[in-house]
Amino acid sequence: MDFPFVKEAISQLFSKPSCAMYPAVESIAAPRYRGRIAFDPTKCINCLMCERVCCGGAITHTVEKTEEGDKITRSFNLGCCTFCAHCMDFCNHGAIQLTQDYHMIATKEEDLIVSGTFIKKPPVKKAVPPKPAAPAAPAAPVGADAPGGPKETAAPAEAPKPRDDGKPVQDPAKCVYCTICARKCPAGALTVDRAAKTWTLDEDVCVGCGTCAAACPKNAIIM
Amino acid sequence: MILEAVKYLAYVLIFPGFLFCFLTGLLLSGIDRKLVARMQKRVGPPILQPFYDFFKLCGKETIIPAAANRTVFLMAPLVGLAGLVVLQLFIPVFSFTAFSSVADVIVILYLLLIPALSIMIGGGATGSPYAGVGLSREMVTVLSCELPLVLVLLAVCKKVGAATGTGLCFSLTEIVRYQMANGSLLGKLSMIPAAVAFLMVIPGETGSHPFDAAEAETEICEGMLAEYSGAPLGVYKLSHSVKILSMTSLFVMLFLGGIGGGIQNLVLALGLAGGAAGALTILLDVIVLFLLCVILTAVAISFVHAVTARLKIEQIFKYYWTVVSALALVSLVLAWYGL
Amino acid sequence: MFKKLIEESTGKSPWLFHINAGSCNGCDIELVSVLTPRYDAERLGFKLAGSPRHADIVVVTGPITAQSLPRVLRSIEQVPEPRCIVTMGSCPQSGNVFRGSYSICGPLSKYVHVDVDVAGCTPKPEAVIDGLALATQILQEKRRAMK
C-alpha cells in the first residue's frame, strides 16, 4: 500500500488553510466576468438585435402605444440567460452591459428580471424632402456608372453626407452590392439587388441601429 | 437500598453512562471532523457541529418506509445506543469502575457487536436494496475486524494473566489494576504489535474512512441508513460517535492503564484526604482519559481518514485477516513465551 | 428550550442533496467546488448527504428532462420536512437554451414550490454559497413555523 499524502496531511495540520472565507470576506469576480445584466434604456433604439441573437430567449419586449410615442419595455430574464454576452457584443449603442455582479439570488421569479422602459418617438414626418433624395442619390451613380462616364468627377461630387435623423446612407462609389447589410438588418429595412445594383432603404422600418454600417466590409454605409 | 439504586441510576444516566457518552462522543467526532478538514487544507466545521447535526435531526420529520417493519425500524437505533452505553459502563475509567467487576473482556466483545447488529437489523427492516448491500458489507467488515480484535484482547489477557499467575486474566479491572502497579502495557515490547493492531482495528470497528464501504454515501447512499431520517438517524449518528469514544477508551484502558497509577500518586502527593481525593482522582481520570481519546482519534481515525481512499470490501477483509491479524498474533506468541 | 435548540441547530447544519435533472455537468461541478478546500462549505455546516431522506436542502440542476421528472419529484417527496428546494443555474428555472425541446418538462416551479433560485450559467461558487445561506434561513423559518 502506498500513502502519498502523509507528509502533506501533517504539514497542513500546522499551516494556514487555503479557504476563501467567502461570506465574511467579500470576493470580487474576475474583470471580464459576465454577471448580472445592466440595461441602459436611454441608449436603446429598439433595433431588436439583442433579441435576435439571444440563444436562451431571455430577452423580450412589450410595446405600449402612448401619445408621445411607443413606450417600450425591454426585459432580461436572468433565470433564462446563458450569460454568453452575445447581446452585449451585438448592441451597437452600448445599451447592454454584463457586470461583475454575480449575486443573482432570488426567492421570486420577478427578482431575476432586469428591465428598462423608454419611449420611442415616431419618425419625424417633416423629413419628407430628403426622402425622394435618398433613393435618387444611389440611382444617379448607377446611371452615371453605366455608360462608363467620368468617374473622377462623379465619385467626389456624390460623396454622401450623414443624415440628420441617424439613418444610414450608402456610398455608391464604395458599395459592391454584396447584400451583407440587408441580411444583417434586424428590422429588414434594406433591400439590395445585386444584379440591378440598387440599394434601397425603407425609412419607416429602419430604426437606425447602425448594424449595417458595422457589418459593411467596404465601409460604404455612413450613419 | 434507595441510595444504592440512585447511585446506579446516576451511573447509567450520567457519568460513565448516557450523558458522558453523549457529550464526549459527539465532541470527539467534532474534533475528528475538524482535524480531517485541517489536514485537507480546509477550515472545517465548528467543533460543536455534531451537536448541531444531532439536534437538527431530532427536529426533522421521521419518514417510515411502507415496506419497513415499524417497530423494528424505530427500536433498532435505540438498542444500538443502549448497547454502547452499557459497554461504556463496563469500561473502567482508570481507578474508577462502575460495573467492571461483573463484566470482563468477553462481555465487551459481545457488546461491541450490538451497535453493528442494531444497524444491520434496522437497515434490514427498511427493505431497501441499498440497505441490503450495506448490510452484507457491514457483516463482512465486522467479521474482518473481529479476528484481530479477539487476538489483541487474548494477547493482553495472556500478558496480564502470566504476570499475575492466573493463566489468562479476562477482567478489565484486573488489567487496569496490574498496569497501575506495573506500568502501562504499551511499554512492554511484546505488547507493541498488539497496540498497533488495535489502532488499526479502531477505524474498522467505528466504520470510519478507509473501511466505510458499508456506509459509502457516494455509492450506496450510506447503505443501511439510506431509508432513515429524523431522530432515528440522529441516534445512529450518535451511536457512531459514541463508538469512537468506546474504542479509544478501550485502547487507553488496555494499553495505557498505567497512567492511572500516575494520577493516584499525584493526588496522594497533594495530601488530600477522603472524599476530596476521590473526587479529584475521578476528575483527573476523566480529563486524562478524554485527552488520550482525542489523541487516539487524531492518530487512528482523522489521520487515516485524511490520507487514504475508501477500500473495497474484499480489500478490507484481506487487510484485517493478514496484516492486522499477523501483528496481533505476533504479540500473542510473544506474550505466550513470557516476553 | 429544546425547541429553541433545534431551531438554532437547523440553521447550522443544513445537509444538501443534489439532483441532476439532465444538467450539462457545469453546475454539478460548481456545486462540488463549493465543498472543496477552496470554498469549504463544511465550515458553515453544509454536508453532501447520500440519500434524500437525510437532506434538508435539495439542489436541482439541469432543465428537468422527461426522463428525470418523475425521479426528481419522487426524490423531493422523500426529503423530510422541513425542506427547502434550491434551483441552481438557469436550466431548472426556465429551461435555458434547451427550452422548447420535446424532451424538456421544465421549469421546476411548475411542479413544486421552489424556495430559492440561484441564477447564472453556471453560478459562481460564491453565489451558490449565498443561495444556500438564504435557503438555510428559509429552512429555519419553516422549522419555526412547525408546531
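As written, the chains take the letters A, B and C, and residue 1 is the first residue of each chain.
As a convention for this text, a residue touches a chain if its C-beta (ideal position, glycine included) is under 8 Å from a C-beta of that chain, and two chains touch if they have at least 3 such contacts.
Bear in mind the structure is a predicted one, so any value in this text is a computation, not a measurement.
K.L.:
Kindly work out which chain lies most centrally, taking the average of its C-alpha atoms as its position.
P.N.:
Nearest to the common C-alpha centre lies chain C.
K.L.:
In terms of C-beta pairs in contact, which of A-B and A-C ranks higher?
P.N.:
The greater number of contacts lies at A-C.
K.L.:
Centroid from C-alpha atoms only, then distance chain A to chain C, rounded to Å. What do you get?
P.N.:
Those two chain centres are 36 Å apart.
K.L.:
Using mean C-alpha positions as chain centres, tell me how far chain A is from chain B in Å, no decimals.
P.N.:
Centre separation, chain A to chain B: 68 Å.
K.L.:
For chain C, jot down the residues that touch at least 2 other chains.
P.N.:
Within chain C, the residues that touch at least two other chains are 37, 40, 43.
K.L.:
If a residue has to touch 2 or more other chains to count, which residues of chain B qualify?
P.N.:
37, 40-44
K.L.:
Going by the contact rule already set, what residues in chain A reach two or more other chains?
P.N.:
Residues 17-19, 21 of chain A each touch two or more of the other chains.
K.L.:
In their complex, what parts of chain C are in touch with chain B?
P.N.:
That would be residues 3, 5-10, 12-13, 37, 40, 42-43, 45, 48-51, 53-54, 56, 78, 80-82, 143, 146 of chain C.
K.L.:
Across the complex, what residues on chain A touch chain C?
P.N.:
Residue list for chain A touching chain C: 17-23, 27, 29, 33, 35, 55-58, 77-83, 102-107, 109, 111-112.
K.L.:
Sort out for me which residues of chain A touch chain B in the complex.
P.N.:
3, 5-6, 9-10, 12-13, 17-19, 21
K.L.:
Using the touch definition from the top, list the residues of chain B that touch chain A in their complex.
P.N.:
That would be residues 35, 37-44, 303, 306-308 of chain B.
K.L.:
Can you list the residues on chain B that touch chain C in the complex?
P.N.:
The contact residues of chain B facing chain C are 33, 37, 40-46, 49, 51-56, 58-63, 130, 216-218, 220-222, 225-230, 233.
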